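The structure that follows is given in the form of structure tokens.
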Amino acid sequence: MQDFDYVSAKTLKEAVSLLNRHGDQACVLSGGTDILVQLREGRRKARLVVDIKGIPQLNQLSCTKAKGLTLGAAVPCCQIYEDKTIAKAYPGLIDAVSLIGGIQIQGRATVGGNLCNASPAADTIPALIALGAVCTIAGPKGTRKVRVEDFCVAPGRTALKKGELLVSIHLPPPKPRSGAYFLRFIPRNEMDIAVVNAGASVLLDARKQTFVSARIALGAVAPTPLFIPEAGEALVGKSVSDGAVSEAAEIAKAAARPISDMRGAAEQRRHLCGVLARRALQGAIQRAKGGN
Amino acid sequence: MADVKEFKVVGTRPIRHDGTDKVTGRALYGGDVRMAGMLYGKVLRSPHAHARIKSINIRKALSLPGVRAVVTGKDLPDAADRIAELGEGAVNLKYLGNNCLADDKVLYKGHAVAAVAAVNAHVAEEALSLINVKYEVLPPVLDVREAMKDDAPLLLPELRTTSLGQKGDKPSNVASHFQFKKGDPEKGFREADLIVEREFFTATVHQGYIETHNATAMWNPDGLLTIWCSTQGAFTVRQQASELLNIPVSKIKVVPMEIGGGFGGKIRVYIEPVAALLSRKTGRPVKIVMTRAEVLEGTGPTPGSYIRVKIGANREGRITAAEAYLAYEAGAYPGSPVGAGAMCIFAPYDLENAQVDGYDVVVNKPQTSAYRAPGATNAALAETLIDEIAERLKMDPIDLRLKNAAKEGVRRVDGPVFPRIGCVEVLEATRNHPHYTAPLGGPNRGRGVALGFWFNVGLKSSASASVNADGTVSLVEGSTDIGGSRTTAAMHVAEELGIAAEDVRPVVGDTDSVGYTDVTGGSRVTFATGWACYEAAQDIKRQLCERAARLWEISSDDVTYENGGCVSRSDPSRRITFKELAGKLGDTGGPVVGRASVDPQGVGGAFAANIVDVEVDPDTGKTQVLRFTVVQDAGKAIHPSYVEGQMQGGSVQGIGWALNEEYFYDSKGVMRNASLLDYRMPTCLDLPMIDTVIVEVPNPGHPYGVRGVGEVPIVPPAAAISNAIYHAVGIRMNCLPMSPGKVLEEILKKG
Amino acid sequence: MPVVYIPALMRDLTGGVERVEVEGATLRQVVNNLDARFPGAKARLCQEDRIRPNVAVAVDGEITRLGMLQTVRPDSEVHFLPAVSGG
Amino acid sequence: MSKKVHVQTRINGEEVEFLCEPRQSLLEVLRDELGLTGSKEGCNNGNCGACNVLLNGRLVNACLVLGVEVQGREVTTIEGIASPEGLHPLQQKFLEHAALQCGVCTPGFIVAARALLDKTPRPTEGQVRHWLAGNLCRCTGYDKIVRAVLDAATVKKGKR
């Protein structure tokens, strides 16, 4: 593997100044499940590796009815799905964090890292988009917030500027009669990168028969995880029915711009967009109605 | 004979002797070798699938601090362009050498071009990037049918098509063509009431052993070379190294470390001679361990193939004629297992009229190696036509197979006559299994069956067994142990001497410590090495009888060995147990060592059948295996747990081959999925339990009736799953793998 | 007399004949006598007086590893096949 | 080359110090620097589980951890699974069920299964298969491995 120095940053300030000083010569290490492979295979170059697991703000994990969920960027997946409160409040997030890699990966991999790796096929991102998550970023000029759907700008590239660091991800508290669901399609039952993945959330009216709002996102079908607002908007005011769901799924499918590679052909991916968007919506509706 | 013999040890399930070392992490595999002053080697590999090497400049690499040596193809003595018998298949030495380190041409992406030895692996890796190789890139040819065309890019300009000694006159990528013909196929097809014909396309797949290739070499100043490595055959490594390095075998000792899987892929050498060259240049031990990408891109996969099969049958379900055309990708150099595939394809059936044509074709992919019943799995896709005939005739598919099943006395399409075989017994056991009639319980579910054949081989094995004074035996045999075989070997000695398996301590010897032994492959170890151990035990018995005779002061003719001891024929009250006698050896003439080397005939072929239930998701094309049963004729199961293990492991490799495993190439001939992330071998979450039924039709050619079990279980799964998919969603797949994308495509086509 | 089964691709030498009886107590004698009757047969099967690599000889269904030294009985069958290697 | 870093940690209950380059993975350090070769390298990118170890009780791939990261932490490798009293029930059951063939994936499976039983003492077959999906075995087809783990789970807690 290429030669590099290692620093375990203890404060946000220290990390930011290191990243600012070294620019693209530095990279951030959290769970390491992507970055170490990329460094080893030379797909990513770095002279300095900044370990951010020692920074308090990046390890926060708080979930309250009032404030919602704040998820430190260095919190590993396992810690999220092992938290009963979070599991109950955000099953749509749990869907995603509990199927990344295997148990060994989930013990290290972080949602923050999944975001910053900015893979078009990242499994947590469509779920986060559906849940309306917002990123908190710290940098030389202080902190700023970015919506998750705006965080990835190209394969492997994010909205982070020189010296900036993802601190945490915030999810609003789940509304009553709302539900979210995430799923992916892979050839095996574990350990694969998504051929297509999909996240959806819905909010139903008091009688749980009409859509108040909905959000749908697809992964692995565009250069970045794809938020498709028009698909969700198409459901607003419609009564909950297979027809409405299929319509929205078709809109999502139409928005996809898949390519062909060793994980799937464009045509296959396009077809799967419809299937997964539909299944994601159905799962979200079921949860909104109080099922699981 | 075998079927009447009463066994005490054979057929039991003792804990393997090497087990504790392996569950505690103490067992030493090739990659675990560490030595004082050891250097680490890394191999530079071609980024191109087909190119001429214009020049290699190593100056920069040599000047990197920590680098001790660099070697290229020039450092390999020119190997003669001749074919050597390497114990398990013949190999052209020039090609073998060029595959270890290319000379003037690279023939696949990942082809070894140079190697570096440095103080650690990271420095060696950095040095690779400093080696400057100038290539003239040539167009690659990746598909077997493309490669057969007259205008295809030629890999080996000197290559001419040979068909039984007849050489073609123009250059070609077709290395050889052969043909089997029995009876009159044309007439047979005229007599048929229905004829089915299909073509199949199968992708390149890899053996996928979890341990990557590794080799550590120390070339002493006295000219003695020692190689520690993971190999299926220490003696074949010794011979290959001797041929490639041009030194006598007596100057080479190969120490077979524990091996992390082989399946046929760890027979040919790759890095062993390279580590040796680097050691000679540096005077230090040099260790090379391949990365997973190197294993996938640079070591023997098993061929992709194009297969066309035509079968005719009459209304009664009798096959009247069969025809097959098999074209296999040999990879960069000739030597695909198309011959075996051609001999196996119709072997389960008693055919009057048949013709099989086989073609061995070079393409710009890694040179293929053996993989568990090499060539037979591709060919077994013919089983999907048998299923189709049964469906069209409204016959039970197993009844149809039984109607045509091969049995003792049947002449195979390739000529020879079958001895006693268990084809019928396997089919009957399959039909009688509760799985065969169990309800499927759900939509989009289907059940498939298929039958497969593999020859098994015998070859040479040696063993020596020393009697210890405490009544135990130390056994040295030469078969590297990939699946518990040293325990199976010990069980033969224990059975014959009437002692416990635990009282025989088996070790796998290096090439200086045991007689010549061929590779662990061809399902031969239990058959042949077990037989050597059986003979070594007979040798011990003979000597013990003489000792007992001396003790009792009677003639040795009056002493026989039975029930775990010596007894006097004339006075059966005179009896001494093995343990008692072992304690007296010192005073009766000294130590007793039993020895044997065998090259046995009497190999027994094996049949396996599968019943598999699948569920196909019609929206995604994904196939889930719900239930799987494998029925196999083992002849005699020495250690049933490890026989089941072979059946289960082989079945699951077949399932992976059927559903998801494939080399995914881009148009430039670059493998795009050279990692265990995207080369998708089954995980335990993809599988059900694998039910096993061991059928025992004793092989009359073996003292215990052993046939060999390792390979045949990989033969039927792909065809069985293809049949199951058809019965689930009504599509006949004509390719491997039957990955979700391809199944979905067919489902959508069907509408 | 031992019966030699002529491989399909060698039947051009035998005028299409698939099976011939040939004198001989060893494989060498059989091959030599076969060549005497069908000139060129030996060259197809052998190289430097040895069976070609990648060609296996089955006598009575058993692949022999004695090559030309293999004894052949009067009632034996001789087949020439592609050599098979296992995994 | 970057300066080697001095690392203090606990491995299998023992205080351990070592020097390593920042780029060396925990797997390299265990195997090449400390001679703990029970953890195997099968893929070096987190897809086979042969290098599984426990890091502060958590199951991880040692190939995806830097040696320098274990400063002040606790590592358990396959060499630390058995006790002076004898084999861990998982190890015993792997032997009894013939749940290994070549054995190279076995250390990873046993470490992974140990982590499972610590968390879920009586897992179902489904839970075992899900938990072990990150460990590849090419020899056994997993059948006997899954049975061995389920059987080990029936051994009384005190014995684990």
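First chain written, first letter: the chains are A, B, C and D, and each begins at residue 1.
Keep in mind that, in the parts below, a residue touches a chain if its C-beta (ideal position, glycine included) is under 8 Å from a C-beta of that chain, and two chains touch if they have at least 3 such contacts.
Note that this is a predicted model, so its numbers are computed, not measured.
> Going by the contact definition up top, give me the pair of chains with the most C-beta pairs touching.
The chain pair with the largest number of C-beta contacts is B-D.
> From the mean C-alpha coordinate of chain A to that of chain B, what's the distance rounded to whole Å?
44
> Taking the mean of the CA coordinates per chain, how far is chain B from chain C in Å?
Comparing mean C-alpha positions, chain C is 28 Å from chain B.
> Starting from the mean Cα coordinates of chain A and chain C, work out the distance between those two points in Å.
69
> Considering chain D alone, which of its residues make contact with at least two other chains?
Residue numbers touching two or more other chains: 1, 21, 23, 44-45, 47, 130, 133-135.
> Multi-chain contacts in chain A: which residues touch at least two other chains?
1-3, 189-191
> Can you list the residues of chain B that touch 2 or more other chains?
122, 207, 262-263, 677, 683, 685
> Output every touching chain pair, sorted by label.
In this structure, the chains touch in these pairs: A-B, A-D, B-C, B-D.
> Under the definition above, what is the set of chain D residues touching chain B in their complex?
By the definition above, chain D touches chain B via 1, 21, 23-24, 31-32, 35-45, 47-48, 50, 77-79, 81-82, 87, 90-91, 94-98, 100-107, 110, 128-130, 132-147.
> Where on chain B does chain A make contact in their complex?
Residues of chain B touching chain A: 122, 125-126, 619-622, 624, 659-660, 664, 672-673, 677-678, 680, 682-683, 685-686, 739-741, 744-745, 748.
> In the complex, go through chain D and note every residue touching chain A.
Its residues touching chain A are 1-2, 5, 21-23, 25, 44-47, 49, 52, 55, 58-61, 63-66, 68-69, 71, 112, 115-116, 130-131, 133-135.
> Enumerate the contact residues on chain B facing chain D in the complex.
By the definition above, chain B touches chain D via 13, 15-16, 18-20, 22-29, 31-32, 34, 120, 122-123, 207-212, 258-263, 289, 291-292, 482-484, 639, 641-642, 644-645, 648-653, 675-677, 681, 683-685, 687, 689-690.
> Flag every residue of chain A that touches chain B in the complex, lowest number first.
Going by the criterion above, the answer is residues 1-3, 185, 187-193, 195, 261-265, 267-268, 271-272, 275.
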